[in-house]
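Each structure below is given as structure tokens.
Look at the two complexes coming up: chain A is in both, with chain B in one and chain C in the other.
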Partner chain A sequence: MNVRLLRDATAVPPSGWQLLPMRFHRFDSDSVLLTNLVGEHLFVSPDQFLAVIDGTCNDQELLARLRARHLIQRPGDRLPAELLAVKLRTRLRHLPDSTGLHIFVVTLRCEHTCRYCQVSRQSSARSEFDMSQETARRALALAFQSPSPHLKFEFQGGEPLLNFSLLKWIVREAKRINRDHGKDLAFVIATNLALLDDEILRFCEEEDVHISTSLDGPADLHNRNRRRPGQNSWQKTVAGIRQVQDRLGPGRVSALMTTTEASLDRARDIIDTYVELGLRNVFLRPISPYGFALRLRGGAGYDVERWLRFYETGLDYIIDLNRGGLPTVESYAAIIARKMFSNQDPGYVDLTSPAGIGLGALVYNYDGDIYASDEGRMLAEMQDHTFRLGNVQTSSYEEILLNEKLLQPLAESFTLSAPMCHSCAFEPYCGADPVFHHATAGDFVGHKATSAFCRRNMGIFKALLRRARDDDFARDLFWRWGQR
Partner chain B sequence: MTQDPETAEISFDRSTTELDALQQAAYAVADLMTVDIRASATDYTCTLFPRRAGLDEDMLKHRIRAEVIDQTLRLRIAKETGPIRNLIFALAFSGTGLADSGTTDE
Partner chain C sequence: MIRLSGRATPVGLDGAILPDVWRVCRADQDGTGGALACVSTRRDIIGDQNRIHLAPHPGAAAPGPALKLGRGLAHIAEDDIIRISPDGSRVNVLWKNTAIHNSLLLTEQCDNYCLMCSQPPKTRDDTWLFEQAKRVVSLLPPTARILGLTGGEPTLHADALIGLLEHCRDTAPWLQLHLLSNGRRFSDFSFSQRYAAVGLRDIMVGIPLYAPEPGLHDFIVQAGGAFEETVHGILNLATLGQPVELRVVVQKHTVPVLPELAIFIARNLPFVDQVALMGLEMTGLARPNSAEVWIDPADYQAELADATLALASAGIVTKIFNHQLCVLDERLWPFAVRSISDWKNDYLDICDNCSVRDVCGGVFTTSGSRLSTALRPIQHQRQQG
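What follows is the complex of A and B.
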């Protein structure tokens, strides 16, 4: 009786509802994906979709689900708009706190000659490619002008451990400056670990510095991609990972892989390598179309469709590992899951809108030049300085952040207004990548019907949503990833 | 106008189809074809130019027709939900200080 009364009270008469802002995508032959302004979603049949749009739907259960997802409301309702506004504001709350990530390219030198490296082929003996202490001092002064209460300093190269003395100085100087600021600081060294020694480990332990390394999979695959004298990159990296885990703890080292053509049939091998090393986060990444990587014979050697098959094979394997009781995360899926299954936007630089360039990250190159993103720096290595925002010697913080070279790509690529993005059902999960589209299409927006960025990300969104719809375990797993 | 043998032609009734929907559909199918739109008193006539050789003419017509229907639906939803969308954005950004960023101190 009570249930009946409740049903009667909430029943929606035909045409007795208003549409809320929604976008749709014909997902497969018998289902249409509906998303609201903040990415809450529902699958309906094509007939149900038309009945809702036409105002002829009389399926109370469906109408209740549409109301619950804030896709429709009853006339006079005020709460849905207010709740959507709160959720939208929550998703964008990271914006006023820009810029959080400050990347210091402390040297271009490297003792590896990786096949896909975008930036560095400098001999490890040529110190003119090292950042000076004066350049680092000025870069730190700029970084501390950021309004963000959290500053992450990431050291990149080349191989940053080749300029370890400056790296040490920057960490200690940042902490000294921070006595007057009280910000939450984090430090990460992006290193191949080949040069790791006891002094570096002790420093990381004492100063709470994290390690991010590159691990492309099993030894043969990794050493084929990441070449160094002795062909022992994998052995050095694995030994380094174990040393960091033993000395600093398992959570202090993470790894990233890059997909080459040789990786495409080996998703399981790659993931197994991570699992065997106790690395529970696997980031299945395609090769970047920037810098020296473009010189790779035949480009990346594979197209988006082949990469998506690789990605889905890896994703399914990771889901099965979890099903078998081994917690493992695919990092890119976890970023997207946070957008799909929570009201948070992780602000991931490569998948957020407004774009993450400048707002999410600034890059201080060894010579003092400042770039809007690491990919912008990679383009500069090929003499394309589109994303160079200034130099630490001459530019003020305001000149960098209000530079037209930053504002124009941000405005043009904004997904709520960009052609096709603004009406795309996946927009709440996606982002703007003006650097990618500049590099591949010649403008900051690109053409979404032909964009590889668009095809790749839509493929991933659909892979996640399909599994979440059809597999209860996968849905719960993605939901947990989204709450991390 | 001489019809290229590789092209296809399809017409839409002006009384039931918005030009915006046609243009957005033409943009969305640009990976398969480019579209030339010409208006007469009663119709929009679209000439479809396939991007690659061997694309089936019927497939191209089905594709643009389906896309025009979807873009028409999108325009309809956008028109119906435009005011509340603006309200939601206004509510979301009110009190953030962002709306005052253009003002200057006297």
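What follows is the complex of A and C.
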């Protein structure tokens, strides 16, 4: 046999390894989760974990795996730190772009009266709650100062189609301005679709505008949550979805659901409703602690644990749909899968660090006030102006982005330094939500031991990791979701 | 299987035959039937004797100076490129025009000493191989599409390699090149820059990676520090926008780490253009080391499937080479490539009844007795995914 270099010569020497930045979590009784700087993970037994930490491990196979996952290294190794740096740079490379999402609240008016509405909706007749063209012009000028090569304009309300003439003007004006900028533009209308008509469809077709709507599930559930005169919100929405699919193509409309207490036992029904409509992305979303939702009797009406049971039921159902050959995506899991199984950060504004406020999104309210996030605007409707960064009439781009009201929550909530976040094994998958913690705990950080944000997201992270560990099909599915 | 070298007998040829590399073309309108002629591009070298007639059958007559080819070389045909020894007694086929894969050996020297190397390294000076390669490239027919450049480790001779690549760029810019290298030399960024600066439009480096960490990789390639250099090399190539293929030879030591290696690639080298998972060729060092490297492919299907599906799920182009379909997990059929070089592939008698023989790569004729025990004819065309 021609072996010149023996196996021992290249392996990790006994007690001779160094720990790389590593975080851990007691996952279940017989396993500890280890994550490295960028979220690559490994499950080990509690005994293995202690032996690796105290230098007594002599399991060469385990040491090799830890070395492969950049959790330990042999003294003198240069490559692990370099590869970790490459991966971390990849993850953060979009940060200098900043602010890709610009939300225009073109009106507060709405003809729905949803139980969980986060906005101070106004009745349909009162035009003083519409955005003016002058306000929109100034907001556009600010948006185009963003260094991001991709700008997404999202129209919200209220029901933005109630101010369709301004919406049209903004889309065309943005495209006109963009002739001098050459950015990649995208437009989305967040609408309940009740007011959809031929003119609007034609406009969306000609101008390549995407539709995002709300669909809470089957008719009875949806109409219970989303009230409007005639109790026909579901019928209107479903008809609208079909019209958009027919006219503009199946990929041009997506839907979001909000989970109320009445939804909790109906995960499968909700998903089936989406599947029957040919909607392949289901976003299982909890209710937000803002706006009218807080005033619902008993708050959201359910706690994190009940919501997690609902989420896991839905997730398992979606995995099984895929197993049966029907490609369906749970959107929140897909966002997290990207963080877990790739080096990319999807830049989802509610789950990224530094937080997505301001850096990921700016909100231009109908009256010209500028907010760091949609939730920040909702707090303002409740007379809390913490996240108001300025007004389009008076504030420059620099004043908005360098406002202490933005920088302070960003700095305080940054997960690589925030108390309990920086040592959390799930940090690479998570994000900072200073608005949520301000609303629920009174400061930008909150106490992680009691934070519903933490419990909910850690529950989801564990649900995904457990399935990826125990079910090869789910693992490959999550990997695929992670590459989208 | 076809033979790439054999004996020849010169007839009516005086003195040494120069040059050494010839392209085969049809004989002129002299009615010699099946006879073929070799034509050098440089008429001046042997005066007006710039043609040597080839007689594929030893008995056939030729009109002038001729080379009678041994029986095994009767396949030599138009647009092949051959090397004739100065005394005319040996002929090597350097380019087989009808083959899908043609590779030029550039050196037998190597700074790795892989346990299963199919081309065991030698230390003797063989830089003439680069010069020969240049002459082959000069003679390539315009129909030539793909050329492999292999070793040994071609990058050990940096100047000669860069010179050859520049020659390819200038002489046959349409050619698709595939360079096999252990990648270590590319860890020198200035060398990577020289390589990229050649400016070839269609070249890919195939680099072997056997493990997700240095301990095992360095053992398999029998060279301390190789893993760090190889991965650095891959990163440098990526930085310079140069296409890279990773080649993983599936053998006894790599099987247990295949899933971990797949994850390592997906997380650390996701930019590679493709990953080739290659069955072991039982030749060269793999024979004396067979106890160290051989494993029946039937015994590693779970690991191979795990790694392949993980890589594919991560969006990485993944191909399985050198595996017979009857041994391969059916989920992996869509990834299987008919890859065994024409001159070394073969089918067994039991393959005659197989319904997927036509889409199967067959077995290495170099496999000797080490074939999977699971080889069997497949009786029905099964659904491919």
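We take it that the second predicted complex is superposed on the first by the 473 of 484 C-alpha atoms of A that agree within 3 Å, B and C clash if a C-alpha of one lies under 4 Å from a C-alpha of the other, contacts with A are read in each partner's own complex, and residues count from 1 in each chain.
Quick note on the criterion: a residue touches a chain if its C-beta (ideal position, glycine included) is under 8 Å from a C-beta of that chain, and two chains touch if they have at least 3 such contacts.
The shown structure was predicted, so the numbers you read here are calculated from the model rather than taken from an experiment.
By the document's definition of touching, of the two partners only chain B reaches A:S423; chain C does not.
With both structures placed on the common chain, the touch criterion links A:A85 to chain B but leaves chain C unconnected. When the two structures are aligned on the shared chain, A:N343 is found in touch with chain C, with no touch to chain B.
Contacts of A:R176 after superposition: neither chain B nor chain C is touched. Contacts of A:H447 after superposition on the shared chain: chain B is touched, whereas chain C is not. In the superposition on chain A, no contact is made by A:R323 with either chain B or chain C.
When the two structures are aligned on the shared chain, A:R202 is found in touch with neither chain B nor chain C. In the superposed model, C is the one of chain B and chain C that contacts more residues of chain A.
Common to the chain B and chain C contact sets on chain A are residues 82, 86.
Across the interface of their complex, chain C is touched by residues 1-7, 9-12, 38, 40, 60-61, 64-65, 67-69, 74, 77-79, 82-83, 86-87, 341-343, 472, 475-477, 479-480, 482-483 of chain A. Only residues 24, 27-31, 70, 73-74, 76-78, 80-81, 84-85, 87-93, 96-98 of chain B touch chain A when the two sit together in their complex. The touching residues of chain A, counted against chain B in their complex, run 18-24, 26, 37, 53, 81-82, 84-86, 88-89, 92, 96, 419-420, 423, 447, 449-450. Only residues 113, 115, 211-219, 222-224, 227-228, 231-232, 235, 256-257, 260-261, 263-264, 266-268, 270, 285, 288-289, 291-292, 306, 309-310, 313-315 of chain C touch chain A when the two sit together in their complex.
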